[in-house]
Each structure stands twice: as C-alpha cells, then as structure tokens.
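Next come two complexes, and both contain subunit A; in the first it sits with subunit B, in the second with subunit C.
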Partner chain A sequence: MALLGDAVALARKDVVAEIRARDALPAAATLGATGLVLVALAVGPDVGRMRLLAPALVGVVLAFATVTLADRLDSIDRADDALVALWFALDDPRAIFAGRVISLSASLTTLELGLWLAAATLLDLRPGAGALLLVPLAVASSVSRAAVAALVTSLVGGSPHRALLAPALLLPMLVPTLLAGVQAASAVLAGGQGVQWTAVLVAESLLFLGVGLITYGEAAGPA
Partner chain B sequence: MMVRQTIASRSGRLVAAGVALVVASGLVLVPADASQGDVQRLMYVHVPAAWVGYLAFFVVFACSAGYLWRRDPRLDRLAAASAEVGVMFTGLAIASGSIWGKATWGQWWDWDPRLTTTAVMLLAYIAYLLLRQTVSEQRRRGRVAAAFGLIAFLNVPLVHFSVLWWRGLHQAPTVLRPGDPTIDHVLLAQLLASVAAFSLAYAWLVWQRTRLEGLLDTAVTRD
Partner chain C sequence: MSLVPSQAPLLELSRATKLFGATVAMWRVDLQLGRGDGVGIVGGNGSGKTTLLRAVAGALELDAGHRNAAASLRTALLGHRTGLLDDLTVGENVRLFARGRGVGPRETTSLLARFRLDHVEHARVSSLSAGTRRRAGLARAMATSPDVLVLDEPFASVDAGHAAAITVVLTEWRARGGTLVVAAHDADALAPLCDRVHWLTAGRLLAPVVAARTAGGVS
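For the complex of A and B:
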C-alpha cells in the first residue's frame, strides 16, 4: 500500500508540475497536430483515404508523442538530482516507476482523446455511438505506452546519448501497442466494438507493468 | 590457454565444415520442391537462420533475467554475445527471405505482418546493442541491458504468431504446428540437418564472442 500511496503522490506531483509549467503536453499536442496536418498534406485532399488512414496516423503520432512526453517528465526528475533524493527517500523506489506510469497515462489519454477529436473534425470521421468506445481504448493503450516508456526512459535517462537512445529503444517497443491500438480503433470506426484488440491492449499493459515493476528497482536507479 | 585456443580453432573448423556440408547438400543432393522448384532451396538457409534468431533472443531473455537475479557478469557477457549473433542471423533470415520473396511474390519486400514484425524485432535488438555500447560502467551496463533484454523479448512471440493473427503472404508454420509437419520427409530431414548445423554455428560464435568479452572485461579491470 505504501508503494501505491507514494506512486499516487508522485503522479500528482507530475500532473501539478505540468499544469503549472504547461510545456510537455502542449509540446506533444503540437507535435501530434503537426503530424496530422503533414500526413494529410502529403496524402492529398482525399478524405476517404485519410479516413482509412486515421487510426494508423493517430497511433504513429502518439508513439512519437510518447517519446517526447516520457523524456520530458524523466528529465524534470533528473534536474538538481531530485531523482537521487527520491530514490533514497522512498521505502520502495518502484513507486517512482508506478507514479510515472500514472501521470504519463493521464497525459497520453488526454492527448489521444484530443487527437481523436482533431481527426474527427479534420478527417470527417463519424464513429457515432462508437465514439464512447474510444475512451476505454485510449486508457488501455495509454497505460501500455506509459509503462514501456517509463521503464525505457529510466534506463537511458542518465546517459549523455539519451536524445539518440530514447527513440531508438522506445519506438520498436511501442509497436505491439501500436498494432493492437490501430486494430481496435479501426474496428470501432467501422461500427464494431474492437473488444478482442482492447483485451490484447489490456494484456500488453499488464505485461509491461509487471516487467516494469519487477525490473525497475534492480535496473534503473540513479546513474 | 594454448590448449583452449587449439580447441576453439579446431571446433571452429568442424562447425564451418558442417555448415558448408549441409548447405551443399541442400543445394545439390536434396530434390527440388515440386511446386517452387530450386528457389525453395533457400529454405535451408532462411528457416535455420530465423530459428537461430529466436534461440539467440531467448538466450538474451534468459540471461537477462538471470543477471538481474544473480548479478553474475558471465550471464551479461553471454546475453551480449547472443544478441550480436542473433542480430546477424536475423539479418540473414530477412535477406534470404527477401530473395525468396522476389522469386515467388515478385517483389523484394512486402509489408507482410511476418516480415514487418521481424524487421521491428531486429531494430529492437540493434537498439539493445546500441544501449550496451553507450554505457561504459560495467555493472550499470549489465543492469540496464538486462531490463531492456527482458522487454525486447516480447517481440519474439509477436513475430512467431503474426502469421496466425493477421492475414499475409507469408506461409503459416509447417513444422512447429499442432499435428504432423506439412512437408515432405526428405526435405524435412535436410531442413532439420540445416537447423542443427546453424545452431552449432550459433553456439560456437557465442562461445568465442563471450570469451572475447571476458578478456576485454579483464583488461578494463586491470587498467
């Protein structure tokens, strides 16, 4: 219970810092919006084609935004050796990982829902009642992305090569979530429920969370 | 030391001869496939290379788990060596598959789920090697690489089951499947001999690479 309490407190700290500074999420949202506009421009004024591409487009944009958001949150903790202080102050350092997953999941869910709204407006998507299904889907995929991103950024965070390493390590590891997320969203937009793929996303989330909780205390730690 | 070098050298020659023998037998002795003709002979390189890739990445996974548990530097060296050799064999599987694809599908690369997920798996393990290269301190390198080695393995089942989960051009499993293999017995015998020879080559390369890594670590410690 101490782990969960500490994790929630650390996540709250991240969220409050983000609300006050307003830098990571707006930067990721700008990146996302730019991605949408650039691909739409590159593909051309064919709304039908863009509608088909929408789930993949949102998924790819979210993968890149995850790298930006996770790296930003990790670098805030590393400034002024705050991470070292946290590591030694907490009963269980894994609370840092769990807290990061919670705050990152919140940011990514907000971003994903915002991107779906933008995609619906710009690409004339009409999910109808299925739009509500995009909410649990966004939560499940965000937790999965957040868990793997929190672990990977903690591994490379102390490295002088972090700018190169974070995307190189993280993007291939986001592929399982990308695949399941795109399949689930495509099913929802086609009028289905995408239950099977959402279940895959939940399984991936649990797997990444499990591996993260097992390894974080052993592998991450201050450099 | 001299005895060990002699054993290494002689066993290396034996393994090279074994690989040459099964490749020659696959090219000349075994009859051509009834429907695909001579191009099917690439299977005796493609399938064993892919199998060794799986094996190598499983060894990375097992050694990573072992290293986080026991902190034995030999396990870290074994994981590093296995990842390098695995990347080499997976590259060979992709290259030989690509040549086969050109002859049978008419193009070097198709965005088939098996091909795409294999490429992502290769990228994940190249990232693993990059990560190792950028961390100079031995124990920290072992810890972060082990954590990444655990999550990177999630790509392996994704690659194996991709032919069952998605529709694509790549054929479904013919040997590792429920029920009898759907392949002629003579071709199967040749295939198994190739798998055995490639596995021995893998073992020899990993042995040599681990030995070299050990010597490097000793040299660094002495400095």
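For the complex of A and C:
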C-alpha cells in the first residue's frame, strides 16, 4: 500500500505542477482543436465523411498529445535532478512509474473527453445516448497510453537524443491502443456499444501496467 | 583518531573506476565509510569530485570496481543540482520527499526552521535565490532521513550566516550517527564537518589527512 500512497502523492505533484505551469495540457488541447478544424476544412461539408474520420482523427491527435504530455512531465522531474532525488527518497521507486501513469491518465482522459466535445461541435457528430459510453472508453484508452508513455519516457528521458527517441519509440507502441480505441469509438458513434473493443483496451492497459511495474526498477534507475 | 572506520563499513567503494570516453573521471578509488563518519573530498575543477560523490550515492554505474552497501542503506545526494521541483513550494517539496520515509509534518516544519526556510515555506522554488535554493535542497535531502548524506559544495552561493547554520545542523546530525560525505574546493570549509579529508586529483583519491575541527583548518 505504500507504493499506492506514494504513487498518488507523486501524481498529485504532477497535477499541481501542470495546473500552475499551464503548459502541456493547453498545448495538447490547442494541437487537437487545430487538427479538428483543419480536417473539417479539408474534408469539406460532407458530414458522412467527417463522422467516419472523427475516431481516427481523435486517436491520432491523442497519440501525439501523449508524446507531448509525457515528455513535459518527465522533463519537469529531470530539470534539477529531482528524479534521482525521488529515486533515493522512495522505498519502492516503482511509485514513480505508477504515479506518472495516474497523472498522465487523468490528463489524457480530460483531453480525450474535451476532444470528443470539440469533435461533436466541429464535425457535427451526434452520438446521442452513446456519448456516455465514450467516458469509460476514454478512461481505458488513456490508462493504456499512459502506461506505455511512462515506461518509454523513463527509458529515453535521460538520453541526449530524447527528442528523436521518444516519438520514434512511443508512437509505434501506441498503435495497438490507437486501433482498439478507433474501433471502439466507431462502434459507439454508429449506435453500438463497442464493448469488445473496450475490453481489448482494458486488457492492453493491464498488460502495459504489469510490464511497467515489473520492469521499471530494472530498466530505469538513477545510475 | 583513526583514518579508516574501526567498525564494519556501512558503505564501501572498492577499486571504483569511471571513464567518460578517454577522460578518467575516477580511477581505482577505495573508500570505506562507517556510521557517524565525516569524510571530506577536496579537489579542483574537473578533479572528479562529482563523479566520486555520485558513485558513493549509488547514482552512477561503475565501469570497474564495486560499491558495496546494505540494500536497506538510505542515501541522499545533493549534487550541483538541488533535486527540487520548480513548480512546487519549498514546503511541498520537503513534505513530498519526507513522505516516502514516513517523516511527519512536525519534523518537516522543524527542519525548515533549522535551515531558516520557514519564511519561504510557501514560496515556489522557481522564485528562490541560488543560496536559498541550496538550503532548500539540503532540507529536501535531510527530510528523507538518510543514513548517508552526500553533499557536493553545500555552501555554494550560501552566505556566511546561513553557512554557519547549515554547519550546526549537519554537525548535530552526525553526532546522532549520520554519515556525511562532502566535497568542496576549499578544505577549510570542510574542517568543522569532517574527521578526515581526502584530496582528489585527476580522479585519484589520495590518502586522507585528519581534519582539525576546532582549528578552522585542515592539518
């Protein structure tokens, strides 16, 4: 339980830092909204095509936003060697990974729901009662993205080539989440429930969380 | 006063070596630390002080040699960087790091007062002067209740009054059994804190000399 308590404290630290700095989340939201507007302009007044494209567009925007958010939070921890200090201060350094997953999940869920709201407005989506199904879908896909991103940034964050390595490694690893997320969202927007694809997302989340918790202490460290 | 620990060492570096490309940062360093030891490391710029301190703390992968320490040994490192989070306040930082070791709010408040940081407890770290930031970094390191405290230039940018306060806190902490390893350019600054002082040159650790604590210098 110490791990969970420490993880929550570290996640709170990330959220407080983000609220005060107002940096990564507004940048990601601006990127997402701009992307939606550009696609709406490019596709033109074809509502059918826009509805068809919306899940993929939201998914791709979220993948890039994940890279931005994860890199920003990792940079905060590394700026003055706080990551090394945290490593020594914690009984179980895996709390650093778990805390990052929690804070990233919260940010990404907020962003995804905001993007769906923007997409509904800009792309004329009408999910109806199915809109509520987008909430568990957003949570499941965000946890999955967050776990992958927390692990990858912990591995490459200390590299002088992080600007190249982070997206190059992270984006391909986000593809399974992207595919399942797009399929689930498409099913919901078509009036279905997308339960099977949401279950796939939950399974991916658990898998990535498990891999992260098992490997974090070995793969990443202060040395 | 002996130059090596009389009891079983708490932490030991054995023929520890680190290279950065063709540069020898640390060469076959042997160092033993016992409980309550105060060890000073003195050297010029580029002598390898930071590398040695990171090796002592366990924050460096050695190219050769060994670092032996009990798995339960708690180490805290204050390097050139303070290990603080800019967007949090001083109090939030110290409490966050103390939390992992079960150090309560009363102790952290006391720690802030002893480092004369109580008046900036609610100030964001990003707004602090270099010297205040340094003291906050020290409080952060001590809040983790370490067995071994590793400090790189703890008095850098700190005025004389605050340096004296730091010396008092660290001396009392050592008297309670804390082990201190501290590096500086100036041996005299280390004398009140250390029993022995090693000179470091080109990554090589020379035999220690006894520090004369009361004389304000190193004999």
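The criterion applied here is as follows: the second predicted complex is superposed on the first by the 222 of 223 C-alpha atoms of A that agree within 3 Å, B and C clash if a C-alpha of one lies under 4 Å from a C-alpha of the other, contacts with A are read in each partner's own complex, and residues count from 1 in each chain.
Keep in mind that, in the parts below, contacts are C-beta pairs under 8 Å (C-beta built on N, C-alpha and C of every residue); 3 or more make two chains touch, one makes a residue touch a chain.
Every value quoted in this text rests on a predicted model; they were computed, and no experiment measured them.
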Clash or fit, subunit B versus subunit C on superposed subunit A: fit
Subunit B versus subunit C as contact partner of A:G48, first or second or both or neither: neither
Partner chain in contact with A:D77 - subunit B first, subunit C second, else both or neither: second
Partner chain in contact with A:P172 - subunit B first, subunit C second, else both or neither: first
Partner chain(s) touched by A:F88 [first = subunit B, second = subunit C, both, neither]: second
First (subunit B), second (subunit C), both or neither touched by A:T215: first
First, second, both or neither for A:V16, with subunit B first and subunit C second: second
Touching partner for A:L207 - first (subunit B), second (subunit C), both, neither: first
Smallest separation of CA atoms, subunit C relative to subunit B, angstrom: 8
Touching both subunit C and subunit B, counted on subunit A across the two superposed complexes: 223
Complex interface listing, subunit A residues touching subunit B: 148, 151-152, 155-156, 159-161, 164-165, 168-169, 171-173, 175-176, 179, 207-208, 211, 215-216, 218-221, 223
Residues of subunit C defined as touching subunit A within the complex: 57-61, 74-77, 79, 81-88, 92, 96-97, 99-101, 124, 140-141, 144, 146
Subunit C-facing residues of subunit A, complex: 6, 9-10, 13, 16-17, 20-21, 76-77, 79-82, 84-91, 95, 222-223
Residue ranges of subunit B in contact with subunit A within the complex: 68, 117, 120-121, 123-124, 126-128, 130-131, 134-135, 140, 143-144, 146-148, 150-152, 154-155, 158
